[in-house]
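Two complexes follow with subunit A in common, the first pairing it with subunit B and the second with subunit C.
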Partner chain A sequence: MNKYMWLLGMGLQKALAYRVNYAVTILAAVFPIILQWALWRSIYGYTQADTLYGMSYAEMLSYVVLAALMAQALRTGFEYDMAEDIKSGGLNRFIVQPLSYFGYRLSVFVGTNLGYFVATLGVMAIALWVAIRYWSLSIDIVDIALFLLSAVGAFFLQFMLFYLLSLTAFWLHEVWALFESTRVIGLVLSGGVVPLSVFGESLQYWLSLLPFQYLIYFPIQTLTGAISFEQVISGLLIQLVWIVVMMLLIAAIWRRGSRSYLALGG
Partner chain B sequence: MNVIEVEGLCKTFKFYRKPQGLSASLKNLWQRQVEYKEAVKDISFNIEKGQVVAFLGANGAGKTTTMKMLSGILHPTGGKIEVLGHTPSEREEQFKKRFSILMGQKHQLWPDLPAIDSFTLCQRIYEIPTPLFKQRLARLSEVLCVSHLLDIQVRRLSLGERMKMELIAALLHGPELLFLDEPTIGLDFLSQRAVMRFLQQLVREDNITILLTSHNMADISALCERVLVIQNGQLVFDDDITHLQNSLGGFRRIHIESESPLHSDYLGRYGKVINNDIHRAELEVDGGIANRVLQQLLNDIMVKDVRVSTPPLEDSLERLYTRRGQVV
Partner chain C sequence: MWRQLIKHLKIYGLLIKLNAIRQLEYRVNIVLGLLVEVGYLGIKLLYAYIIHDTGVHISGFAPQSLYLFIGTFILMTVFFVAMLQFNIMAFDRQIIEGEFDLILTKPVSAQFLATLKYVETWMVIPNIIVGVSLVAYGWYASGLAFDLINICLYFLYGLLGIVTMYCVFTLPLLLAFKLHNISAFHSLIWALWDFNNLPHRIFPSPIQIIGTVFLPIFLITNFSPLAVMGQLSAIEMIWGGVAPILLFILTCWGWRKAIHSYESGGG
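Now for the complex of A and B:
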């Protein structure tokens, strides 16, 4: 068995050991969903509009619920470990052993999050069933397949994004504020709170130039059939391009960072 | 055959200075004092296969920095390094499989897992075939007497046991070259000796090359044949361990016990009085005149007992460490 596959298995074992922790985070996600539900119900009720920002009440409700769950599926946490490795010399181990740090982080991330990801997709399936049954959302089976594809892309894009962010620890001494603000801003810009159409067309154009919307907005749009098949295909391609661009950036920054890396302590 | 070849090695660190106080902190926000420290200055040496070499120096002299450059962790600012035919800073997989570095204060074992799990990870990382892995693990854990501790969480082991486990992890892939940075730090006397005996056996049986830093002179005189001393980033001594004392003047210590009182004024004529409590004194004299001084003393005083010794290694080192930038 390849060493990276073995590490993936170790990550999965770790995730299984923390399954109660996972259940708690899913339950915690219910609270903002209830908040959103109450908010949109009163907005639609007050304005008496059939559609707002091009979406009906049922579509809006489905979107925010699915987006909140998608945000859960994409959660990370390795960025703090990485910053610690860089700051306190934990990286030394990887430099002197025949093990790539990127490969190590990616395998452990995939291993740890695979369980969460699949479980969250399961919860999303339930939400979807509720949406179809009670909020009269219509879903095509092809869209579900395309969504799964875009969700896998989002999973890797999220990893690249936070890996890239963690590399700033080579130059910055305190990264906590940077991580947290990126997480919050990223959540909004990726459409994890409200659909991006709420921001208006010009802002939406600028957002389309950033990678964030390919994390949540694009996969959920794909799932609910809000965009055409051609748009989905081009979206998937752009998502792939972003992943490759991030990987190239990571490689370049890693080279520079590890050159200036001060192996502290010991 | 040379395992390590170092020529004109230099390393300069950039750092910032911050004076005490809040106002200085605020000032540092837009204007920082940049300073440079030459941690290693123009070092050259070679180490042959099978040699055990001690790398000595005071804290901050540049030992660890040099070792990190030899293992590829740090990029040198200047000079050339060749280790096992590779340039360490290129960090090639083939190179990494042939050496090991063990730092007394840095651990590679996962504290939450039993050691055996970390060893299995090592097996994966270094792609060690299972039969070979099992054979090596059995041998190492038996020699170090830790066979019964393999499946206990590492955090529950004593410091000495943990260090032995770290040694096993460093040796599982059969490295030809071993960098040890203070391997016995924090260990009790018994564990220190166990580790040293084990390393001696390893050198004898497997003909591996070891570069070792330590502040423990017992480690060094037990294991090493050659000593490199680094002082303020410069190599000030590189020779056989026995020459270390001779090259620094070859001092001898004369211990005298006498019936009559001993006067420091009198003894001071021959050399440095290390201590004197009237009936018992210790005198340090130049090696060349030790015989003459001894005869003179036997003539002058009612000597009850006399003994001549070489000063401890620490003393020679102290002389080296406090001598500034002067090459022996």
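Now for the complex of A and C:
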């Protein structure tokens, strides 16, 4: 266990070395927020509607701000390292060392992203304070606790999703486009751009069968108290089920992929 | 000057051809690249869907007119992705790894070669199709005359928009000569680009002024539809013509200054 904790610490140190990088990333997230704010302000102002897509203006504004920040909190990047390890023989050392590759990647991911994740949650707390203070959003302390649980679940679900995708490198030569298209499509399907209620009830039903909404839409709905306590609990359970399903899939695909792995490189 | 311009245009034509042939070698990459672009296109169209669904008028513009703006933004994305995106991504690497030495030895402008040598060709096809369709629909549905004056105005401000785009996104790259690693700025550049997704008049006045005068990103995609709609004031029309020229002069001057800081880092 100690070796994985050491890896986690190393990842954290590496992440802290690039603090300016993080500040610029968060700054970049401000622009889409301004765009969304301007759009929804115009829409609510023009239509004079109390609610649109099941949300008031304050709720919509809070949603798009928090969702944009949540999307930043769930950043990845390890998938490219994994694909490189698989393609150029980087897995060789894990064959001879008493170290699980999954454990190694998970520890490094947690270490590298924990700082970003917690810092972004801090920025979200400021955004939440603005939402409560100026947009009259009412938040319950229980909702915040449940949100933190769902956010941790989303953090691991995101890891599993990209770990699973990275395994395609056993068979595919070029994987960047697969990663990027999944990232973009996943951002939309997880509610990272607009709330899923925009897509209408029938499409939202089909989207609920996929794991994506448990990354952003569900945690933000939990935080803003838009769903009942029972719905939150069942959502948390479904999120957990998705994590377990992905882990099982990872184990099965890893076994198959390992058979076609060529230990290249020196 | 004109001779130089024609020479570089000819070279750029050759670069397009060479890049297109090189990319055809990896057809699977083209298909996967198209998949990525379709994903980004989906996000842009999401805004069009919301505008259509809510029927919102922005600063007096009906949804039909807004399609003209979104279509123009998508068409400009063609130039952004084809001309700039991959050059921006590779720029600091060529300075860090000393590849820039080779560029300095070529008998063409180093600025031209270092900022425009990669051209993405096939990946932009979905943007061309959707962009042209949206512009055509927005133009027709807004009841705008499809005459020579309007077409010329649209293309003139489009061309000036491309010059502005080149300058606005090339200037920050010059920091690479001083800082070397500027990868963190990439996400800022992409975010700034997406700011053009909707007409600039949707934003409060201070943002409009900053984005039109000080960091003129709104000149890139907004002025050609506004000119066709007759919504540009005389001052805006003049600024739309002058700003790109001033920016281009500033970019070339900045390049000459920045290049003095270059230290060959390669082995």
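In this section, the second predicted complex is superposed on the first by the 263 of 266 C-alpha atoms of A that agree within 3 Å, B and C clash if a C-alpha of one lies under 4 Å from a C-alpha of the other, contacts with A are read in each partner's own complex, and residues count from 1 in each chain.
Rule of thumb we're sticking to: contacts are C-beta pairs under 8 Å (C-beta built on N, C-alpha and C of every residue); 3 or more make two chains touch, one makes a residue touch a chain.
Predicted model only: the values in this text are computed from it and were never measured.
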{"item": "Contacts of A:V20 with subunit B and subunit C, given as first, second, both or neither", "value": "second"}
{"item": "Dominant toucher of subunit A (residue count), subunit B or subunit C", "value": "C"}
{"item": "Touching partner for A:L137 - first (subunit B), second (subunit C), both, neither", "value": "neither"}
{"item": "Touching partner for A:E174 - first (subunit B), second (subunit C), both, neither", "value": "second"}
{"item": "Partner chain in contact with A:A29 - subunit B first, subunit C second, else both or neither", "value": "second"}
{"item": "First, second, both or neither for A:I185, with subunit B first and subunit C second", "value": "second"}
{"item": "First (subunit B), second (subunit C), both or neither touched by A:V193", "value": "second"}
{"item": "First (subunit B), second (subunit C), both or neither touched by A:L52", "value": "second"}
{"item": "Partner chain(s) touched by A:I243 [first = subunit B, second = subunit C, both, neither]", "value": "neither"}
{"item": "Touched partner set for A:V96, first subunit B, second subunit C, both or neither", "value": "first"}
{"item": "On subunit A, the residue positions that both subunit B and subunit C contact, one per complex", "value": "none"}
{"item": "Subunit B to subunit A touching residues, read off their complex", "value": "13, 64, 68, 71-75, 91, 93, 96-97, 99-101, 103-106, 108, 121, 124-127, 181"}
{"item": "Subunit A residues touching subunit C - in the complex, by the definition given at the top", "value": "18, 20-21, 24-25, 27-32, 34-35, 38-39, 42-43, 46-47, 52, 173-174, 176-178, 180-181, 184-185, 187-188, 193-194, 198"}
{"item": "Contact footprint of subunit A on subunit C as seen in their complex", "value": "26, 28-29, 32-33, 35-36, 38-40, 42-43, 46-47, 49-50, 53-58, 183-185, 187-188, 190-192, 194-195, 197-198, 202-204, 207"}
{"item": "Subunit A residues within the subunit B interface of the complex", "value": "1, 3, 6-7, 10, 89, 92-93, 95-99, 259, 261-263, 265-266"}
